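You will see chain A twice below: alongside chain B first, and alongside chain C after that.
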Partner chain A sequence: MISLQDLTFSYRKGHLVLNNLQLHFEPGRIYGLLGKNGAGKSSLLYNICGLLYPQAGQCQVMGFNPAKRQPAFLRQVYLLPEAFHLPDVDIDQYVRLYAPFYPGFDSAAFDRHLDVFEVPRRQQLHALSHGQQKKVLISFALATTARILIMDEPTNGLDIPSKRQFRKVIAGCLREDQCMIISTHQVKDLDSLIDEVLILENGRIILKEPVTRITEKLSFRQVLSLEETEAPLYSEGALKGYAIVAVNRREEHSRLDMEMFFNAVMVEKEKILPLFTR
Partner chain B sequence: MEFNNTQAIYLQIADYVCDRVQLRQWLPDAKVPSVRDLAVTLEVNPNTVMRSYEHLQQQGVIYTRRGMGYFVSEDAVKKIAALRREQFLQEELPQFFRKMYLLGFELDELKTRYEKYKQQHAKSIH
Partner chain C sequence: MQFSFSRFIHLCRLQLAANRKLYLLGMAALAGMLLAFMLFFLITDDELSYNTQQTIYMIGLVLSSGVFTTTIFKQYAEKSQRTQALMLPVSALEKMVLAVLLTLVVYPLVYTVICLSCLKVMNYIDIYWLGNPNALYWLNASYTPGLLIMYVYVQSFVLLGAIWFRKQTFVKSAVMICLIIIGIHAVHSFLGRKIIGSAQPANVEAVGQKLGATGISNFRYDGGMPYINTLLTASAKINGKWDTEYYMVELPRPGFAIMATVLILVPFFLWFITLLKLREQQL
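After this line comes the complex of A and B, so read on.
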C-alpha cells in the first residue's frame, strides 16, 4: 500500500534526515513508529503524505506519487499533525468547510467519535481547550475514512480518560483496506493497538517487526533476582525485582512491553537487532 | 478488563472468553461478540482479537459459521476445563512445587489443609 525505495531526504546539504529507506506498509494494520526526538519520524510521515519531497529514491502510496499531490491521492490521505491551529469557527462549520475534501466522510461516525470523547457538539473551536480540540481533530481524521491515516503523537495533550477513549475509537475504526501509522513517545497509551513496530534512528529504520514476531524471539518477564535466569539481554530495576528482556528459548507467550523493548534496542542494539535478521 | 503485564494479550483475551463460557454467561451455540465489538470493549487492536478467536477455534472452544461470525462450541465447557487442567499441571504446578521445595514442605503436611479447604469450600457453595 505504501512503498519507499531508497528514499533519501534532507533539509540541508550534508545532513541526511532520512537515509536510503526501504519500507513497505500493508493495509489492515496499525504501525507504531518509534524513535528519539529528531530521529526523523515526522519527516518520514510528511514524505508519505506529500508535504515533503524526497531528494532521491521513490515513494509510492496507493499507486500515487505523493509529491504530485493529485486530488485523487489527497482525498485518501489524512495527516493528524502533532501541532495544529484550528480556525475560529464552530464544529459544524468546520465539518462543512473541510469534509467535502474527503468523499468518504462519515458524518454519523464523526458524531459517534465526538460522543465517545465527550466533546460538546455545539462549540466554537476556539472556546475548547487544546485537548478538546485535539479530540475534534482525531474524530474528524477517523471520520474521513481515508485509506492512509497518519497520526503524529495523537495522545499528546489528552487527559487520562481520553487515552482510553482513544483506544476504543481506534479499535472500532480500523478497516481492512486502511493503513494507520502512529508515531509516538507515549507507547504505554498505545501498545495494545499496534500490530507492527518500526524504530527509526539517525534517519534509518533499524527495526520493523510485527509484535507477534518480537515476542516470538524475545521474552519479557519479571524476576526477583537476576541470578535466577540466564543473563538477560536487558534489565530494568522494578519495584519487586527486575523487569527483563531475554531471548525466548522456551517458546513463552509473553506480553510485549513496548517501552522496555524500545529502551532495550537503544542500549543493546548489537545483541538484539541480529535476532531479527532474516 | 485489566491486562496483566506478563502474558501475551491474545492469550489473556482467550482466557477472558473462556471465563465467560465457564461462568455460563455465554452459552453453547450462542454467538460470541464480533471481533470489532470485543476489540472496542477491550481497547485492543481487532487483529489481536482475531488471533485469540483463531486460537480458540483451534482448541475447539468456538467455531465459525460462514459469514455469521463465531459461536460457542457445544462441548466448550468440557474442553475449557480439560485445557485449564492441563495448563495448571504444566505451568502453575511446577511453580507451586518449586515454592514448596524451597520452603521445605512435604505433600503430607499439606494434605490435611487441602481436605479442610475442600470442606469449607463445599460449605460455602451449598
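After this line comes the complex of A and C, so read on.
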C-alpha cells in the first residue's frame, strides 16, 4: 500500500532528517510511529502525503507518486495534522463544504462518531474548544473512508474521557483496505489500538514489529523486588515495586506497555534490538 | 494538468464560504474608504470633477485589488492552514483558475459596482447640494479599456507575488512590481538610445517646414514603449531650444507583431509561473 525505497529527506544540506528509509505499510493495520522530538516522524508522514518531497529514493502510495498531489491520490489520503485551522462555519456547513471532495464520505458514520465524542452539532466551529474541534476533525477524517489515514498526535488536546472515546471510535471503524498511521508521544492513549510499532531515531527506522511479536519476545510485568526475577532488560520504579521489561523466556502472555517498551528501546538498544533481528 | 468542473465548483463554494465574513467586511470597508476619499475631494476641491472620479476609480481599483490579490493564497502562509490547503483533493490548476477568476473577474466587478454606487451618491450631492454640474464617471472615458488591460498586467504580477512570498506579501509584491517597472523602463531606455544613436529623421527639413520652424539641429530621445507600437518619443532642438513637440517613431510591422505577441503572452507566462509555484508548494 505504501512503499518507501531508500527514501532520503533533509530540510537543508548536510542534515538528513530521513536517511535511506526502506518501509512498507500494509492495509488493515494500525501503525504506531514513535520517536523522540526531532526524530523525523512528521517529516516521514509529510513525505508519504506529498507535503514534502524526498531528496532521493522513491515513495509510492497506492501506485501514486505523492509529490504530484493528484486529486485522485489526495481523496484517498487524509492527514489529521497536529496543528490545524478550521473555517468559521458550523459543523453541518463544514461537512457540506468539504465532504464533496471525498466521494466515499459516509455522513452516517460522521454523525455516529460525533455522537460518541458528544460534540454539540449546532455550534460554529470557532465557538468549540480546541479539543472539540479536534474531535470534529477526527470524525471527519474517519468518515472520509480514505484508504490511508494519517494522524499526527491525534490525542493532544483531548481530555481523559475523550481519549477513551477516541480509542472506541478508532477500534470500530478500520476497514480491511484501510491503513492508519498514528504518530504520537502519548503512547499510553493508544497502546491497545496499535497493531505494529515503528520506532524512528536519527532518521532511521530502528524497529518495526507487530505488537504480537513484541509480546512474544518480551514480557512486561510488575515485580515487588528486582531480585525475584532474572535481570530485566529495563526497569522503572512503580507504585508497588518495579515495572520491568524482560526477555520472555517462559512464553508468558503479557500486555504491551508501549511507553515502557519505547523507553526500554531508547535506553537499552543494544540488548533489545538484537532480539528482533530476523 | 487535471481539471474537473465539479471539483472547481466545490472549490469556489469553499473559498466563498470560508472567507465570507472577510469578504463582506472588506466590501463594507471598501465602500467606507471610497466615500471618505470622495468626501475629502469634495471638501478640498469644492467639487467632485469627472477627472477626480476617474482617478479615484482607477487608483482605488489598482490598490484595493492589489491588497485583495495578495490574500488570495493566504492559506499557504501559515503552516497549520498550509497543511490542510495542500491536502485538499483539488489540482493546482483548479486552484489557479479560481484565483484568476476571483482576482481578474469577480473582484473588479464587485469593486466597480461599489465604486460606481459611491460615485453616484457623491455625484448627486455634488450636483444637487453643491450645485456643480459635473458629469458622472460611468466607465466611459476613452482610455478606460487600456487601463483595465494594464490592471490585468499588474494583477498577474501581484498574483505571482501572492504565491511567491509567504510573509508581508503585499509589501514584497509592491516592491517587486516597482522593480519590474523600473527595470523595464531602464531596458527600454537603453535599447532606445542604442537604436536611435545619433540618427536624425531623413526629412528633417520637411518636418521643420511643417512645424513652421527652421534650424532643427537634432532630436532627443525621451523614452519608448515598443509594445504599443511606439518605439520611442523624441523632442527636437529648434533654433537652439528644445521644442516641446513630440515625434512618434513606430516599429516596422514584423517587429511590432513580435512585440505585441510578447505583450499578449506576458500575463499567460506569469500565470504559468504562478501555477508551477502552486504545484511545487511544500510545507
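Here is the rule we use: the second predicted complex is superposed on the first by the 278 of 278 C-alpha atoms of A that agree within 3 Å, B and C clash if a C-alpha of one lies under 4 Å from a C-alpha of the other, contacts with A are read in each partner's own complex, and residues count from 1 in each chain.
The rule we apply is simple: a contact is a pair of C-beta atoms (placed from the backbone, for glycine too) under 8 Å apart; a residue touches a chain by one contact, two chains touch by 3 or more.
All values derive from a computational prediction rather than experimental measurement.
Trainee: Applying the document's definition of touch, where does A:Glu251 land relative to chain B and chain C: first, second, both, or neither?
Mentor: neither
Trainee: Quick check for you: in the superposed arrangement, does A:Gly172 touch first (chain B), second (chain C), both or neither?
Mentor: First partner only.
Trainee: Classify the contacts of A:Leu97 with the two partner chains as first (chain B alone), second (chain C alone), both, or neither.
Mentor: It touches chain C, and chain B stays clear.
Trainee: In the superposed arrangement, which partner chain does A:Pro87 touch: chain B (first), chain C (second), both, or neither?
Mentor: Touch partner of A:Pro87: chain C, not chain B.
Trainee: When the two structures are overlaid on chain A, which partner does A:Glu270 contact: first (chain B), second (chain C), both, or neither?
Mentor: After superposing on A, A:Glu270 lies clear of both chain B and chain C.
Trainee: A:Pro71 in the overlay: touching chain B, chain C, both, or neither? Say first, second, both or neither.
Mentor: Second partner only, chain C.
Trainee: Could you pull out which residues of chain A sit against chain B in one structure and against chain C in the other?
Mentor: Residues common to the chain A contacts of chain C and of chain B do not exist here, since the sets are disjoint.
Trainee: Give the list of chain B residues in touch with chain A in this complex.
Mentor: Listed in rising order, the residues of chain B that touch chain A are 3-12, 36, 39-40, 42-48, 51.
Trainee: In the complex formed with chain B, which residues of chain A make contact?
Mentor: Per the touch definition, chain A meets chain B at residues 28-30, 164, 167-168, 171-172, 174, 192-195, 212, 215, 220-222, 253-257.
Trainee: Would you mind writing out the residues of chain C in touch with chain A in their complex?
Mentor: 2, 4, 6-7, 10, 13-14, 17-18, 20-21, 78-81, 83-84, 86-92, 279, 282-283
Trainee: Under the touch definition given earlier, write down the residues of chain A that touch chain C in their complex.
Mentor: 46, 49-53, 69-72, 74-75, 77-79, 81, 83-85, 87-89, 93, 97-98, 100-102
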